[in-house]
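Below are two complexes that have chain A in common, paired first with chain B and then with chain C.
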Partner chain A sequence: MTSSLDSLSRRAFIERLGGVGGTGLVMAGMSALGFGIESRAATPPSLSGGGGKKIVVLGSGVAGLTSAYELSKAGYDVTLLEARDRIGGRSYTARKGTKLTELGGEAQTCAFDEGHYINPGPWRIPYHHRGYLHYAKTFEVPMELFNNDNDHSYVYFAKGSGPLAGKAIRKQEIAADTRGYATEMLAKQVNQGALDQDFSKGDKELFLSYLRSEGYLTGKDFKYIGSEGRGWAVDRGAGLNPGVPSTPYALSDILQSDTWATLKSVSDFDQQRTMFQPVGGMDQLPAGFVRHLKPTIIHKSHVVEKISQDADKVQVHYVDGKGHRGVVTADYCICTIPLSVLRGIDIQVSDPFKKAVSGVSYAPVGKIGIQMKRRFWEEDHAIYGGHVYFDNPDIGSIALPSTGWLGNKGVLLGYYQFGANAAKISAKRLAERQAFAVAEGQKVFPQYAENAESAFSIAWHRVQYNLGGWAEWNTDNRRDSYPILNEPDGRIYLAGEHLSYLTGWQEGGIESAWQQIGKLHKRVHA
Partner chain B sequence: MFYRRQAFMTVVAAATLAAGAAFAQPDGKALFGQNCSACHQANGKGIHGAFPALAGDLFVAGPPETVASVVLNGRGGMPTFGKDLSNEDIAAILTYVRGSWGNHAGPLSPKMIESARNPGNRQDDALKMQAH
Partner chain C sequence: MTSSLDSLSRRAFIERLGGVGGTGLVMAGMSALGFGIESRAATPPSLSGGGGKKIVVLGSGVAGLTSAYELSKAGYDVTLLEARDRIGGRSYTARKGTKLTELGGEAQTCAFDEGHYINPGPWRIPYHHRGYLHYAKTFEVPMELFNNDNDHSYVYFAKGSGPLAGKAIRKQEIAADTRGYATEMLAKQVNQGALDQDFSKGDKELFLSYLRSEGYLTGKDFKYIGSEGRGWAVDRGAGLNPGVPSTPYALSDILQSDTWATLKSVSDFDQQRTMFQPVGGMDQLPAGFVRHLKPTIIHKSHVVEKISQDADKVQVHYVDGKGHRGVVTADYCICTIPLSVLRGIDIQVSDPFKKAVSGVSYAPVGKIGIQMKRRFWEEDHAIYGGHVYFDNPDIGSIALPSTGWLGNKGVLLGYYQFGANAAKISAKRLAERQAFAVAEGQKVFPQYAENAESAFSIAWHRVQYNLGGWAEWNTDNRRDSYPILNEPDGRIYLAGEHLSYLTGWQEGGIESAWQQIGKLHKRVHA
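Entry: the complex of A and B
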C-alpha cells in the first residue's frame, strides 16, 4: 500500500477516491492515510441564530429527531410530520400490546410478558458510534452492554460433512482446535527452515514464539494437544477434583464441517466489542428526544402525499389520521423518509434527483422474537448473551438476550435473515414463521420447543413506511446517485442512514442529519 | 456467518440442480408461493404503492432475458435470487407468472435463464449484504 501510494502521491490517490465515492470517501481516505482529518463527527454541529426560519422535518426516526432537536435548539421553527401513530421509525421495540400488520399480512399483537421485549430493527450500538452515544448521554438514556460475541455459544452448521456437521459445537472448541492445528503446521514449517528467506535476523524466533502463544502449542515440536480454553471434559472443582482435560477434534473433521467459517482474526469494525443497547429497548432513545422537544413540534399520523417547492417556499401536503388533508409551508424541508417509500411520493425535484431516489435497492430483512418460559440457554447451557451461528441462511443466527440475566423468562431472537431468504420466510403465515424458527432452534437446544410461548415477527420489506430494512448501495449507484442525493434539491434536503457509509446503523441516520442540517444552516447564514 | 454466504449458496445451488435433474420438474406455482408471494401476493396483484402487480404487467410479458435478469439480479426493493434458485426453478416460476392471472406470455427454459446470468456488479454487491 505504502509503496504504490508513494509512486502515485497520496494527494492524487485521495483525489481519485473522491471521484469514485464523493466527499465521504475522501474524508475517510484522508483519515486513514494520516492527514489527521476525522471522517466522522463525534458531536453535533454547533448551530445558533435560526431566527425563526421554518423547517419541516419528515419522519421521526433518529435522523428526523436529530434534525428537529438540533434545529429547534438553534432557534428554528420546526414542524415534524410522522406517518405512524408512534415515533422512532426503525428505532422500535415490540413489547406487550405492540401491534403490527405487514402489507399483505395478518394482524399481529405482541403477547410477551410485562418487561420483556424484542428490538425488531436496530439492536446493538458499536463503541465507535459516537453520535448515538452522545444523545444517550445527553438525554440520560441508560445503556447496558450488548454481548456480541460469546466463546461458549454454539455453532450449528449442517451443510458440511463429517462427524461435526449437523451438531451444535461450542465456538471455543472450534477456535482452539482450528488455530491450534493451523499454528502447529505453520510452526513446524518455519522451524524446519522452509520459510527462512521470509525472515530477517531474529524475527524467525519471535514468529515461532507468537505461533506457540497463539495456538497453545507445546514442546520442542510445537504440538497442539488441546488447550484449557476449549473447555474441560470434566470441570475442575474443589477438593480432589483436578478436572479432566477435553480432547481436540480431528483437524479433518473441523475442516469438513465448515464451522471454521465463523472464525476471523478480528471482528469486522462494525461488530467489535464493546457494544451497547439501551436498557428497556431501542425505543428509549427516541423517547429521550421527545422529552427534550416541545410537544407541539411532533405531529403523528400525518402521512405525506406530496412535496412541492418554488423559489421561496416548500410545501408538504399530508393526510392525517382522521382523513383530513392539509399543507405545511416552510422555508426548508429535511426529508428522512426511506428512499424505498419516497420513490412512491409525488415530489417536486429535478429528474436526475428523482431518478437517483428510485434507483436504490432496499434490503429485505426478517427477524422473530420468541418468548421462552425459562432461560434454558443460561440454566442448562451456561450461555449468557451472544449468538448461535447457523449455516442455514433462513435462520442466520439465534441471539440470546443481553438483558434480564438469570431471570425467569426471556425473549430471544429466533432468526435474522436477509435478501431472498427474508423474502421466502416472510411468505409464511405468522404461525408458520414461528414453527419454522422453533424447529430450527430445537436442533441446537433440546429445550427450545417446549419453552416457546409466543412470538413477534417482522419482515421489514413488508412494513408500510419502510419497505425494506436499509438501503443497499452498489458500486454504480454509490458513484452515480449517492452524490446527487447528498446535495439539496432546491429547498429539500434528504437525511437518513441511506445517505451515509453506515447504512443500516442508527449512527448513519444521526451523522447524516448532522451533515445536512449543517449545510442548511450555512446556507441560511450565507 | 454471513461472509461465507457465497460458498454455502453454491452448495445449495448444486444440490438443487442435482435434485432437479433426478426428479420431476419443479412446481412453478409452489415456488412462486414460497419465494415471491410475500410481496407480489399469491394472486399476482402486488400491493399498490409498495410491490408491483405481476398480473397484467407489460414488463412481465416482455423479453424473457430482461424478465429473467430482474429475478437473477434484483431491482429496487427486490432481492437477487440468482444465488438462491436454480435455472430450473426460476424458469418454472417465470413460466407460471407469464401464464397466470390473465398473462399470456410464453414459457421460459432453464437454458434462457442460464444465458441471462451475468456475474456482474450487482450480484457481487448483494453477496456483501451484512448483518447490522
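Entry: the complex of A and C
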C-alpha cells in the first residue's frame, strides 16, 4: 500500500500521531502510510519468484552477503564478486596467522595463541539490531554477552586537575559520589521549598523519596555520606568482618578531574544493554552466510575495475587473483563497495550520482589487539570485561575481553581512536603503535608492559578495499547526496552501512540491503 | 603475626588509617595487624601438614566441599557426610528428571526439555566473589555472563496511580526521564545562583557541564526534552529513515507510578556488573569439587542424628540410605548444616552455643522456573536477559534467562519472593503456584500464558535439610550469638553462609570455610 503524501508531510503526520497516541499509534501510522521497508525492519523483505533474473553483487561484507542470500533464496541467479581472498569485509576477526599489510605499511601476521582473537572492525551487537540477530538465529551462530559497561572498571582522565587527575579511578565511585552529591543538593533545595511551584504537594514528597533512593541519601537530612555501591574500603566477608565503608571523594575533586563526563542518565541507545558478540569472533556470521550459499555464487580475489550498464544489462569488469580479466553480465547490480573505494572505480552512472559518491567522508579509525600473558585485569583488579575510558583521544579506551573468562591469557583492545588521532597513530610503525599503546596502558595497570607479548593493529583508512572505518555524513550531503544514492542509477543499486542512519554498524548494512533488494524485487515484478 | 590490640581498637585504628591514607593504606594495615583470614580473602588459607588428623565434614554445599577439598589437599583424613542423595546443597540446578518433594508437599519431577534448567538457589556470581571465582578457575568450570541489568526490560508497578501504573514500562524510559527532569531542575537552580555558596566559580561551570551531559539537557537553557537513550518512537534505520524521536513521560506521571524506585545512582554492591553464572547450571561448581576429591571421601544419603564430643574426639551418629545406623569418629568436625536444621539435631555443645544456634531466623524464599515454548521476550519484546521488576511482592521479579540466546525455548524465573509473601505463595499447591505466576506474567507479556508448558517451583523454608533460604541476623543476635558461633565449641567448628556478612551468597560459605579450617589448622599445629 502506498500513499500520495510526500515524505515530508508523511513525517509531519507521523510526528503528530506520536504526540496524540504515543509509540503504538506511530507504529501503526508508519505501516498504514506504506513506510514499510523504510521503517526499522526486524525481518527481511518477503521475496519470491526471482525467476532466474541475474544479479551481480559486489562485496562480501554483511550487506553483500545479505543481498546474495535473500536474492538467491528467492530464485535469482546471483554472482558475488569479492576483491579479497576472504569474505566478510569489515566483519572480520584477526587470529593466529591472519595477514594484513596496510597501504604503504609493513607486512603483519597475527601471532596470537590459538583460541585468542581481536575483532578489528565491528565488535558488538546491541539488542535492537534485529537484522543481525535474525541472521545469527537463522544460521545458528552462537552468541554470547558482550560486557559493554562494568561498574568496577577504571576511568583514567589526565587532562583535568586535582588529586583524581591522572589516576585510575573506579567507575562505581565516580557514579555514586557525583550523583550522590547532586541528589543531595537538589533534595535540599526541594525540601526548602525552592521548587514548590514545580510540584503538587504529593509529588514533592514522592520526588524527595526518589532523590533519597537514587542517591543513597540519609533518611532525615538528605545527606550523601557515601554508599555501599561505591565499594568498600575492606569488603565485608566471613566471620568477624562486617567490612569497612569507603570514604567518598570531594565533589570539587571529581569536578576538576573531568571524570564526571563518563556519566549518563542512561547509556546512549547504541551502547545499551543487552549487547552481544558472536562466540569465536565477528567472522562467524559471514561464515554462517557462506554455509547457506551455493559455493558457486561467491568469487573471491575478484577485483572490480569497471561497472557499465545500458538499457538491458549491467556489466562488471574484474581482474581475478591470477591477473586474468573478465566480465560478469547481469540484469542488475547490488554494489556494496564502500563509497571511499567506489569513487576510484570507473562506474557508468549519472553525474549527480557520481558526484554524490565522491562527496562523502570516511572515518579514520584505529584499533590494536594486544595479547597478554595473563589476565591481570581479572586476577589483580577484579575487572571482567568492559572498558577503561581515557581522556587522551590517542587511546580512547582500553577494552577487556568478554570471552575466555578466568583463562590464562587474553587479548585486550589497547586503543580505539578516530579522526585526526587515528591518522596520527596510524603513521607510526607497527612496533611503535604497540609501544605507544603499552606505555599508556601501563598508566592504569602496573602489570601491562611485563605481560604484553604480541599485537595486531589496524588503521582502516589505510586498508585497501576499505579506505576508512565508515561513512560520515554531514548535514549537507545527508540532505543532498544521500537520497540520490538510495535510489538506483539505472540497473545499479547501492547498499551498505553508508546508506543508513546506522553508519558504522553491521545492522546498517543488513537493513540497507533489505531495503534495496526489496526495491529491486518490486521493480522486477512491476 | 598477631597484635595485642583487641578487635575494637584495631577497627578504630584501621578506620583512622583509611581517613589518612585511603584504601591502600587500610589494606596494608589490615594485613599488618594480623586481620589476615578475617579480612576479605581472595585465596584459600595456605595449609600443609595435616598429618593424617581425621576430620568429619557435615554437609556438601560449597562450605562443606571447600572444607573437604582444602583439608584433604593439606593431608587431613576427611570424611564428608551428606544427608541427600546428591551433593551441592543449595548450589543446585533443576533440570529434566530432578525430583523434589517439599515437607508436606506434592511430589514434583522437573519436566523441562534437555538443556534447559533453573537454578532454584543461588544463581549469580558478582565479580567480587573471589573465592567462588577462585574455585571456578581451579576446577575449570566455564563461566558466562549473567545479565543482571537490562536497559530495555520492563518495570511493572501497579500500586501507584496515574497513566503509568499497571503498565509495562521500559526501564530506559524511566531512567532517562526521571534523571533528565531532576538534572534540569538542579541545573536551573545552580544557573540562577541558588547554590553559589556550594561552589567555587570554576566548579560551578564544571557542575553545570556535568548536569547537561548526565541528563541529556539542551545546551543553552538546560531543558530536558527527551533523549535518544530513552529509545525512539521509530528506530532509525536504513534509507530515508532517520528515526522518530520518542516523547518523554510527564514527571508527575512517573512520580505517581512509583517506578522511580527502581533507580539507583549505582547498583548496590552485590548487584553490580560484572555478574557471572556457571555454564550449564549452578551445580557445576559442586561437580568440579567432586572431580577433585577422592571418591571415598563423600558419603551421600547419610543423615546426621547426633553429634557428641569429649576431650579426645568428636563422634557423628548417622543413619544411611538403607536405614543402617553408624558412627564416624574424628579429631574434629566441620559442621556446615544450616542452623535451621542443626537446632533439631542432638549436638553436644555448651548451653550458650546451643542457644545461639537456636536463635537465628531463616528466610522463607520462593522461586519458580517456567519453561516457555518460545522466547517471546526476545523475539517480540527485544528483551535479552535481565529482570522485570514488580511492586507486587508475591512476584518480586521475573528474570529472563542469560543463556540459550536466540534459541527456540527457554526457562524463565517466574517469581522470586521472600518472607511472608514466600510463605503465602508456598502454601498453594504446585499447579496453583504456576497458575498464579502465569497470570501475573501475563500482565507484562501477552504471550505468557499461551507459551507456558511446565514449571518447577521451590519454597526453601519447606525443603528438608534446608528449612529456609539463608540465615537472617538481626542486630541483637549478630552482636550476641554470632561471635559465639564463629568460635569452635570443643572440637566442633561451624561454617557456612550463616557465619558471614554475605548471607545468602555462596561466597559467604566459601570464605567462612576458609576461616574455620584456617583456625582448625592453626590449632592442630599449635
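Going forward, the second predicted complex is superposed on the first by the 487 of 526 C-alpha atoms of A that agree within 3 Å, B and C clash if a C-alpha of one lies under 4 Å from a C-alpha of the other, contacts with A are read in each partner's own complex, and residues count from 1 in each chain.
The working rule: a residue touches a chain if its C-beta (ideal position, glycine included) is under 8 Å from a C-beta of that chain, and two chains touch if they have at least 3 such contacts.
Remember, it's a predicted structure, so these values are computed and weren't measured experimentally.
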item	value
Partner chain(s) touched by A:431 [first = chain B, second = chain C, both, neither]	neither
Touched partner set for A:468, first chain B, second chain C, both or neither	first
Per-residue contact with chain A, leading partner among chain C and chain B	C
First (chain B), second (chain C), both or neither touched by A:344	first
First (chain B), second (chain C), both or neither touched by A:215	second
Contacts of A:327 with chain B and chain C, given as first, second, both or neither	neither
Chain B versus chain C as contact partner of A:261, first or second or both or neither	both
Touching both chain B and chain C, residues of chain A	258, 261, 268
Chain A to chain B touching residues, read off their complex	103-104, 122, 124, 159, 258, 261-262, 268, 270-271, 340, 343-344, 358-364, 389, 391, 393, 396-397, 416, 418-424, 426-427, 459, 461-462, 464, 467-470, 472-476, 504-505
Complex interface listing, chain C residues touching chain A	7, 11, 14-15, 18-19, 22-23, 26-27, 30, 35, 37-41, 127-128, 130, 133, 136-137, 142-145, 147, 149-152, 172, 175-176, 178-180, 182-183, 185-186, 189-190, 194-195, 198, 200, 202-203, 206-207, 209-211, 213-216, 227-244, 246-247, 251-252, 255-256, 258, 260-261, 263-269, 272-274, 276, 382-386, 402, 405-406, 483, 486, 499-502, 508, 511-512, 514-515
Parts of chain B lying in touch with chain A, wherever the complex brings them together	1-5, 7-9, 11-12, 33-39, 41, 47, 49-51, 74-81, 83-85, 121-122, 125-126, 129-132
